[in-house]
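Below, each structure is written out as structure tokens.
Both complexes below contain subunit A, partnered by subunit B and then by subunit C.
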Partner chain A sequence: MIDLLSYGAFFLTMALTYAVICLGLNLQWGQTGLFNVGVAGFVAVGAYVSSILTTPAIDGRLGGFDLPIVIGWLGGGLGAGILCFLLGALTLRLRADYLAIATFGAAVVIQLTLLNLEGITGGPFGIGFIPRPFGGLAENPSLFAIANLGVLILLVLVSYFALQRLTRSPWGRVLRALREDEEAAKALGKDPVTYRLQAFAIGGFIMGLGGAAQAHFIGFIAPDNYMPTLTFQVWTMLIVGGSGNMRGAILGAVLVWAIWALSGSLVASVFPPDQQARAASLQIVLIGVALCLVLLLRPYGILGEAGTVRAPLRRALRRDLNSHSEGQKTDV
Partner chain B sequence: MTLQPIMDGLVNGSIIGLGAIGVTLTYSILRFANFAHGEMLSWGAYLALTVSAALGALLPGLGTPIGPFSFGWSVPIAMITSMVLTGLVALTVDWLLFGRLRKAGSAQIILVMSSFGAALALRNLLEFIYTSSPAYFTNALQISRPILPGLRATPDQLLVLVLAVIMVVAVHLLLTKSAAGRSMRAVSENPDLASLAGIDTRAVIRMVWMLGAALAAVGGIMSGVVVQIRPTMGLDLLLPLFAASILGGIGSVPGAMIAGLMVGLAEAFTVQIIGAEWRAAVSFVILVAMLLLRPQGIFGKAAA
Partner chain C sequence: MTQTMEGPQGPIETDPAKTEAILSARSLTRSFQGFKAVDDLSLDLHQGEILGLIGPNGAGKTTMFNMLAGSLLPSSGSILLDGKDISREGAEKRLRRGLGRTFQIPRPFPEMTVLENVLCGAQGQSGERAISAFFRPGKSRQDEARALEKARHLTDFLMLSHLENEKARVLSGGQRKLLELARILMADPKVILLDEPAAGVNPTLLQEIMARIVTLNEQGVSILLIEHNMDMVARLCSRVMVMALGQKLAEGAPNAVIRDPEVVRAYLGDAA
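Take a look at the complex of A and B:
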């Protein structure tokens, strides 16, 4: 019973770290329509900056500043946010998919840097002994698990309400206006690049924060944790939950993480050990197909966008439904 | 300082160039950055590997090396087959996914995102079928021969260069001289006007997929012949492909090829001067520099 409880707490804590990352992506994509293909890179920056700031000093590696965890998390968020700002400044004036290509490239280079700059990042072995929140409680596993879960719930709530204030403010309305009809918003004197850049950087900050929290929860990071599959998982979470909807982002994170963890343990129990790497790739195929199916069949995800103007996605689906199945009512 | 990086760069650059032609064509005609294009190189290589292995098993005579090359007639036959099969893979993905999204009037960025999902599914499907261990067309070893002082090349590498030149000239002539090429350029300029003028846009789209995928298959097979075949080869080439297509100017076939060679050379010299571990960063540096200085590319028209 106790085991089940602490496993439940462990699972939910992990899912909530993804929920924070997802909330960051939701600001970039769901609210602003910016396609970030380098999520894994920005999460990695958050995780590494925070780890370098908070771990105790180690010979042969820079960092180990032994700072408080809160400072590490803020630093991680800032690192990822600044990086997003730079990439956005470079590409947001150009075609929409240049941002996608540039973020993809950034993730590749971040991965490479993590592997090669051994003096800072620990190279392929990564960084260990990352301090955990409430590390003093570690003798009592279930209490420790609950305390960590509490920290993550708090982080999700703080991010949620902060982002809610932002998106409901006049600033958030400008973002949606720009996403829906750029020309009209420009005619009202709103500069698209400035607003998008702000949203992209703030989204990056939240993503980095989520990455930092995740690193401190696991206690160990290595470049392998930040492969393109991570980007893909976060995207699936947001799309399944409903882009543009923050509750959807959180729901999607928990749901997709549950499916991922369950199918992972299914693979581990059904397939013999020598076939497990193959079976794990099948797991990714299935989730890739699922993402495409959601995009095709239910582009707003489970919850859809809450109480705002219609997304381009929504318009597209409505047109589709009208032409294919007349009489079926869409609740938009 | 030797001349050797030039040879290595040109060989890899030819492979990047062939892939980048597909990226630049889908980008200018279907108007989205296709993240699944790298997988066409991997699929092309694996399909050719399967065909060539099957041919080698049926008719062992096809496995004996042709002249100075490391492979027998089974590989060229497999290449032609794989060009067609990879084209069919691309058409299937379009029929299942991109075509439906286009019909639904989805935003361009949704297409980009779905190509990202398709890439993951396609890549991991390869990994599931063929496992992640590298594969080779032949086990024969080739000794590189001196061509110029300080410059050595294997016959296979020289063949890659010749084949790439032939392919690019053929595609360029197809696009500039044939009726099919004219309709492709028309759709790229203005799809609505082109379809008003009686051009069958769907036929043009099918041709773009077939052409891009066939060239990608050739690139993937070349990479398999001179290096090795891995399920992640397409993913590793994706950033160089994007860098080359932006550097060459979106829509320009000769531009994509020349830019591909430039990216390949830059990578080879980086390996020589800085170190092999930073190779993958070269494309990103080129990309950032281009976006800062000349986003329309070297050969592109203004207003990208």
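Take a look at the complex of A and C:
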């Protein structure tokens, strides 16, 4: 029973780290229409920056600043955010598809850099002994798992409400206007590059934050964790849940991670050990099938795009509805 | 850059101090792969006037418009707003300087409500800056409330208030024209470029739109109007410029210009 509970907490914690990453992608793609296919790279930057900031110093590797975890996470977010800002500043003026090429390229470059910059990133061996939140509770596994789950729930909630505040503000409205018709938005005085750059950088910050949280939860990172498969997973999560909808992003992350984790155990139990490495590809096939099913049955994802009218605005509208509905006559 | 004032053709432009042009185009040219859609055209829109820009299809009116509005950069020539050269500025900067435009084919944000569409026209809202939206929600709410009041006033003015909460995609062609106008008025422009506001609009609504244009003009907004409806042009405009094949064909009072044999010939398809 206790085992099941800890496994459940472990599973949910992991899913929620993806939910944070997915929220970042939702701001970029769902709200702004920026086609970022380099998610893995930005997640990696968040994870590595935070790990380097918080791990103790080790011989033969630069860094290891032994800083508090909170600072590591913020640093990870900032690192990914700044990288997005720089990449966006170079490419967002160009046609939309260039961003896809540039982000994909960036992710590959980042992965190769992590692999080869041994003096800082540990090269192929990665970084280990990343401090975990509530590491002191490690003797009591279930308490430790639940405490970690609590941290991740808090992180998801903070990201959710922060992003909600932004997307429901007039700033978010401009993003949607730009997504729907850039030429018309320009004619209304909105500068597309500025807004896209901001959304891209903020989305990158959230992704980096998610990557950092994930690294501290697993405790060990290596360049292999940040292959294009990760980008594919996060995109599937967003599409399955419903892009443009933050609750959809969270739901999608949990569902797709469930498929991933369950199919992983299935592969482990059904196939003989010498076939397991090959059978693991079935996991990706399953995710692909899930994606196709959702696209066929619910093209806008399970939750679709939420009405994003400001809640206070909606209340005000309801209040005024009666007094307004009669007075349609215009006087000029 | 070229400050060549046009010759005696224009009836009122020799004394710039007296009849200040709020928007002027100087020798504007735009070619598309060798074809000159607009060819060395100059134009002055005076403070407080409604100037009509007419001409047969393919005369280059919309190209001229797009250059004035900033959606298309001129191949040569310059554009001055209030005496300031804005030739190289984009549409978004020009709007912030007070030069707004509507589109010939309306471009509403289809998945946003009518009210949200109109709110998008608001300028200088603190909530439109990410940092203020996040850290100063009080200030942005205050700005938003003010914008909302103004937006409601405009939807009322343009007979859209019963549709406030409808998605813009459900609007009819005529209502979309009204929405275009409401959105741009939200920005308080000094000059509005209206691209065929009457096209595809039923006669009753047309009267209403014309009345609104007159009201705006009385409030001091200068208007450049592209329109095929000659009746509307004759009733609204104090001055008309006729374009054909990218050049100026005639200019003057609407009734005189419409009777000009050159103009008649251009419209009947014998411009070459």
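The criterion applied here is as follows: the second predicted complex is superposed on the first by the 298 of 332 C-alpha atoms of A that agree within 3 Å, B and C clash if a C-alpha of one lies under 4 Å from a C-alpha of the other, contacts with A are read in each partner's own complex, and residues count from 1 in each chain.
The rule is simple: a contact is a pair of C-beta atoms (placed from the backbone, for glycine too) under 8 Å apart; a residue touches a chain by one contact, two chains touch by 3 or more.
Since the model is a prediction, treat every value here as computed from it, not as a measurement.
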Touched partner set for A:Val37, first subunit B, second subunit C, both or neither: first
A:Trp171 in the overlay: touching subunit B, subunit C, both, or neither? Say first, second, both or neither. second
First (subunit B), second (subunit C), both or neither touched by A:Pro228: first
Once the structures are superposed on A, label A:Leu4 by its partner contacts, choosing first (subunit B), second (subunit C), both or neither. neither
What is the contact status of A:Ala185 with respect to subunit B (first) and subunit C (second): first, second, both, or neither? second
Which of subunit B and subunit C A:Tyr98 touches, first, second, both or neither: first
Which partner chains sit in contact with A:Ile202 here, subunit B, subunit C, both or neither? Use first/second/both/neither. second
Kindly list the residues of subunit A that each of subunit B and subunit C touches, one partner per complex. 312-313, 316-317, 320
Provide the residue numbers of subunit C that touch subunit A in the complex, in ascending order. 69-71, 90-93, 95-96, 100-101, 103, 107-113, 115-116, 119-123, 125, 127-130, 133-134, 137, 140-141, 143-144, 147-148, 152, 156-159, 161-162, 164-165, 183-184, 186-187, 211-212, 215
Mind pulling up the subunit A residues that touch subunit B in the complex? 33, 35, 37, 90-91, 94-98, 100-102, 104-106, 108-109, 112, 115-116, 228-229, 232, 235, 239, 277-279, 281-282, 284-285, 287-289, 291-292, 295-296, 299, 312-313, 315-317, 319-320
Touching residues of subunit A toward subunit C in the complex: what are they? 162, 165-166, 169-174, 176-177, 180-181, 183-192, 198, 202, 305, 309-310, 312-313, 316-317, 320, 324-325, 327-328, 330, 332
Residue numbers on subunit B that touch subunit A, as the complex places them: 32-33, 35, 96-97, 100-101, 103-110, 112-114, 116-121, 124-125, 127-128, 131-132, 235, 238-239, 242-243, 246, 277-278, 280-281, 283-284, 287-288, 291-292, 295, 304
